[in-house]
């Protein structure tokens, strides 16, 4: 699955997010900054006809659709600006996940197989939480992984830097900015 | 997980279904009959405050929410009567599955853990396809499994009988009618 | 993964087996008959340089290696003739499984990826138990599946016939004899 | 599964290890130091009758048993001292893993269920690789996790410190020394 000719896929992790957890207030400005860059990267993927997949927490609400979650979060929560900057479009893909990793108890593996995905660009929040867990599981499954450092955020810059340093050193994950992503 | 004191959960497999596949026409009257019985069983679960979970195919449409699938199927497809008889209610649970088994690449395991499920009542279509695959995986995970014979259907009665006989003989699954289900 | 050019792999399910469970005595002569045919099929795979994988129960003994299990079973249990007819060779692959399906909580998916497996020939016992569960999971993962009817056994011929009829009708699995297997 | 009354289980990750990879020479003295502490912790688990599970890489050798791997590694590889300090005993459990996480394609989940595990003490190498991946997956599955900082190693102390800091901050994992582990 590591052939560079296979499709690059953009994964957007947990950016549809009320940010109402402890630390959410600290994460908010950093996540908004990342969302601005990520919105541009997403546009580049869409312009190239490359797949964009929202890989989002279900927030343990087992009765809500993704689009309901988007509507709720976008309406008057601290995370509303993220949902606005990264509003899912009708032909974006999405996967709801119950836990940290986008690969755990979700159809993401089958979706990526159908998309003939080879390279995964993992973005979103938190760099040291769901992004790390998803990138690790992608690495385990032998995908080429790129975590562009300007398209992720955590509750502090220090946490993001620590997680990126670990991903680079321990898994040889590319952590250069989105400028180096080639959709 | 086999203690009888744990919660019984009703799983409704693939009853939100356009029935537009080869064999769908043959399955239709049998599925409608099963849906009528299942609607009554579902009411008994709801009246007892027991969880009802729709475990439904996503039909390889990776951009559709469950409720969109319900709306599309319910509008002018051969399967519309099923969607009407078994219309999901706002407090029913649902899980979208990409393949045959409800346990494959879905959050069903975590949902059942949260619900403290012990006994699983597996219903829907097809008895010899997704119902069998889901019941097998439930058995593997050591749940008590009941597949009430009047709440399942396939493209022929013979296929249903064969699959039920196999489940009973090989996995000791209870296949008595819904009269013997105790929500 | 369904391209016919990909490697065919022979899976031998639970043939290293003490046959000391209820029904084991009934299964024994049928399993020995299947083992004789399977030994020939295995030889054809080996002569063609095609992989052979033992996919075997660990019998809930979490401290035993596969080769220890082979030694124990081969020494003075009712299943000893099977272990003799199908003695694993030093360059056969093996995978221990904790439950019915060879795909559940085992490294079989990664091994099959490394072997570039396309077609899976599933054999062994019981046709209506671990063979069916493994063949179903292979089908779900979009492998071409062949369950040669002369290389499987259950505690009765009726059970084998029922399981084969189901696999053929419901999953379009090839159930012709081993003569039709092309390693 | 988070009740403190449930069984604590010691997981020993990848300590049966030839240390013949790039960086292995740097890891060696640090791993030997950790192995000495870990040997004492293991003895405390065994004296309390608590389970010890080796969760070890199969090094992509699909034809080798765990005990064969132990024998090969223990004989004249740079990792021999680890295998000697932590020689598996006949009643220790073991699980072979094909990838980084001990939960990926292994029977560890079922084994932990049988052991009624509640608290997992994750030890071994590398702190920023297989230990982190295993601890993350344990956290995702809602186990209480303790990674005693004196019983893990990586190719540098800096890498271990970074991974421990991340586990503590991001997953609230206990990273105090083995003195604080209560078998």
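Lettered A, B, C and D in written order, each chain numbered from 1.
One rule holds in what follows: contacts are C-beta pairs under 8 Å (C-beta built on N, C-alpha and C of every residue); 3 or more make two chains touch, one makes a residue touch a chain.
Bear in mind the structure is a predicted one, so any value in this text is a computation, not a measurement.
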item: Equivalent of A-D within the choices C-D, A-B or B-C, defined by over half of its residue contact pairs recurring; value: B-C
item: Label of the chain whose CA centroid is most distant from the centroid of subunit C; value: A
item: Averaged-CA centre spacing for the pair subunit B and subunit A, given as whole angstrom; value: 32
item: Centroid distance [mean C-alpha coordinates] between subunit D and subunit B, Å; value: 41
item: For subunit B paired with subunit C, centre-to-centre distance based on mean C-alpha positions, whole Å; value: 30
item: Multi-chain contact residues (two or more partners), subunit B; value: 99
item: Parts of subunit B lying in touch with subunit A, wherever the complex brings them together; value: 58, 60, 62-63, 65-68, 90-99, 105-111, 114
item: In the complex, subunit B residues that touch subunit C; value: 99-101, 104, 126, 128-129, 132-133, 136, 139-140, 159, 162-163, 165-166, 169-171
